Amino acid sequence: MNLRARPFIPCALATLLGCIAFTSAQADEVQVAVAANFTAPIQAIASDFEKDTGHKLIAAYGATGQFYTQIKNGAPFEVFLAADDSTPEKLEKEGDIVPGSRFTYAIGTLALWSAKDGYIDGTDKALLANQFKHLSIANPKAAPYGLAATQVLAKLELTDKVKNKIVEGQNITQAYQFVSTGNAELGFVALSQIYKDGKVSDGSAWIVPEAMHDPIRQDAVILKKGEHNPAAKALADYLKGPKATAIIKSYGYHL
Amino acid sequence: MPLTSADFAAIWLTLQLASLTTVILLIIGTPIALWLAHTRSRLRGPIGAIVALPLVLPPTVIGFYLLLAMGPHGYVGQFTQYLGLGTLTFSFAGLVIGSVIYSMPFVVQPLQNAFAAIGPRPLEVAATLRANPWDTFFTVVLPLARPGFITAAILGFAHTVGEFGVVLMIGGNIPDKTRVVSVQIYDHVEALEYAQAHWLAGAMVVFSFLVLLALYSSRKSHTSWS
Amino acid sequence: MTSQINLRLQHRYPGFALDLDLQLPGKGVTALYGHSGSGKTTCLRCIAGLERASQAYVQVNGHIWQDSQRNHFVPVHQRALGYIFQEASLFPHLSVRANLEFGLKRIAHQERRVDLAHATELLGITHLLTRAPHNLSGGERQRVGIARALLTSPKLLLMDEPLAALDSQRKSEILPYLQRLHAELDIPVLYVSHSQDEVARLADHIVLLNDGKVLGSGPIGETLARLDLPLARGDDAGVVIEGRVGNYNLNYQLLTLQLPGSTQHLRVTHASMAIGQPLRVKVQARDISLSLNPAEHSSILNSLRVTVVSETAADNQAHVLIRLDADGTPLLARITRYSRDQLGLRTGQLLWAQIKSVAVLA
């Protein structure tokens, strides 16, 4: 029994290693770190991308700050679609990306949103009326949408007036959650979260004019790990192409 | 000083939350543990499982359900609104409720084990010596279960200090109200303020170690029931 | 009529049913005797209220502790009882003194009939008061347990095989204390045991339990001699005789025990005792031989004039058991069937019972 089993283990190991080597040699996979707010669009883009190029896209979704920490600590991501432009810029300065690969793939649109129909009339009136108990925003220290939200509040001279009503989500997803569950009457979210087929799909909203805050640039980079992966380059190119751009815009981003 | 006043506020808030939660848990956990340790009811299994749920559920699940339940459309939220208390999300009271649920098994289980180890005999003996059930609880059960109470209090406190997911889901990160140490550390990391994250995180490691050290050092051979 | 214990208990478990109806004397020691699983302990626990029998009527010397028909149930802690468990079950977090005072403190002053000094003296534990329970021997612990129960001035003492957990040396260490208790305190005792020896030494009254039912109940002397009960058929069968010291021969160290209500007596070797003292002895059925004539020129000390009452088969083919009557004192003799036929025994026949040995119990 023992004697028979013995040669089997090296055999199996060799086969396994062979499989792994074979897969990576094909190199038609790309590992992408995607900012949580871009989850829906990248899923739509991925199926077109895989159809058009034959490459395979493997996405991980999460917070930009966390991805930064993971990338700095050797995470195997090859392309990074951040929720801001400062994190990719930082990675660029620190030499963690393929030089010249950084570009803006989407510009986020900030929206003031309530889960209640008619609570917001398409303007900033509900915000100025200040009749709510809780205003949800994303953590401005970590999330660009949160920072943009504070800029809007400052511009409307509401910063001090709503100070005690602000509840912070750790990211834009949580800010959305506080509003969608009704725990906060309204909040600043990403338009992409509430936008479908060219309109606000649920509740009521005010699409904040771009001029009221710094642009929420979402930059993409090819990371050092993806330097020799043709699929990484292909994805970056694909994101700039007309098909992807159309999808991105349909989710409430502009470019 | 590497810690900011916001950090100290978070530490103070965390200590308040953990203390209050521990006291509440000892008060409500004791009868639950007593019941679980002695009942022959068919409900013992289901209730025991419910109490243990937070052990296996991700805190985000508990947080998510609390967010829904305590929100304006949830049962708890509607009840608190009916009482004129408003909703409990984004409030210290809400965090206390969340922590009580989240840390429940860490208090109930050591107590339950302690009560089960005592067994029914001392209670029977006390009854035949004319002690009523309350009397028995304070003069027999409490002293015999003391190691269990110490373990339960330490674990409940420490686990509440280490709580993150639930607070994140229902807290809203409000300074002095819901921004506890674990969230503050997360904030620092998210904002890439690694130095401050280090100081707070290091303090948590030291605190946790000291707590566990106290716990394991106190576990001498207990006097057995003869 | 108040000095009586009335019990009606019906209690069911899967695979076991207790069903009994008993009137027991409200004084002295009543043994609940039977094999393990016969329901002795359950019966005791139902009387104490540690278990709540579904159908029950429990009345102790005038106090109704449970009457399920009226849905009346006095909780354990309100019943004036003392309970001795098989293991002493002392509180480990309390000293011996604190253990003793645990019950005492909870009794109103005017209801206390036993004080600490008396109880500790009675059980020989005065020197142990400052000790912790885990520093006591098994026998000492059990004595403390008994004293602790006594200090609640119980109207009924329930003892659940208090000696079962002890080795024979510890047993003989405690038995004298239990006998003293019996002699000195006027508290009725229900004593659960499966040891014939303990029962013979301590009990005045015996209840025979089997499979949750009462096989027989009555004064010990009579009941042990009842041929319709399994007790009489075993190899260990015998009777307990409680008599009084007639006189004492110092020279031969021989004590004369007067049979109750009779001029006949037994002689036993024993240390000196005062005349008129009660003394309990056990006479084994296998130690009695029967003769048609009084024994003369024999080393056998005791020969009693008896009449044959009845007979029954023993637990084997070769032997029979004969119930005898010695002026009102029942005796049992285990003889061979052959001897019975040789002697031509019949009811009412006058005989001499020669007793080879008499064991002094107390």
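Per-chain residue numbering starts at 1, and chain names A, B and C are given in the order in which the chains are listed.
The definition used in the following text is that contacts are C-beta pairs under 8 Å (C-beta built on N, C-alpha and C of every residue); 3 or more make two chains touch, one makes a residue touch a chain.
Protein names from UniProt, one per chain: A = Molybdate ABC transporter substrate-binding protein; B = Molybdenum transport system permease; C = Molybdenum ABC transporter ATP-binding protein.
All of these numbers come straight from a predicted model, not from anything done at the bench.
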{"item": "Between chain A and chain C, the fewest steps along chains that touch one another", "value": "2"}
{"item": "Identity of the chain that, by mean CA position, is farthest from chain B", "value": "C"}
{"item": "Distance from chain C to chain A - Cα centre to Cα centre, in angstrom", "value": "87"}
{"item": "Interchain centroid distance [CA atoms averaged], chain A/chain B, Å", "value": "35"}
{"item": "Where chain B and chain C are represented by their mean Cα positions, the distance between them in whole Å", "value": "55"}
{"item": "Chain B to chain C touching residues, read off their complex", "value": "121-122, 124-133, 135, 139-140, 143-144, 223-226"}
{"item": "Complex contacts: residues of chain C adjacent to chain B", "value": "48, 50, 75-78, 81-83, 85, 87-93, 102-103, 106-107, 133-134, 141, 148-149, 152"}
{"item": "Residues of chain A that touch chain B when the two form their complex", "value": "63, 65-66, 68-69, 133-134, 136, 139, 141-142, 166-170, 174, 177-178, 181-184"}
{"item": "In the complex, chain B residues that touch chain A", "value": "67-68, 70-73, 86-87, 89-90, 168-170, 172-174, 183, 186-187, 189-192"}
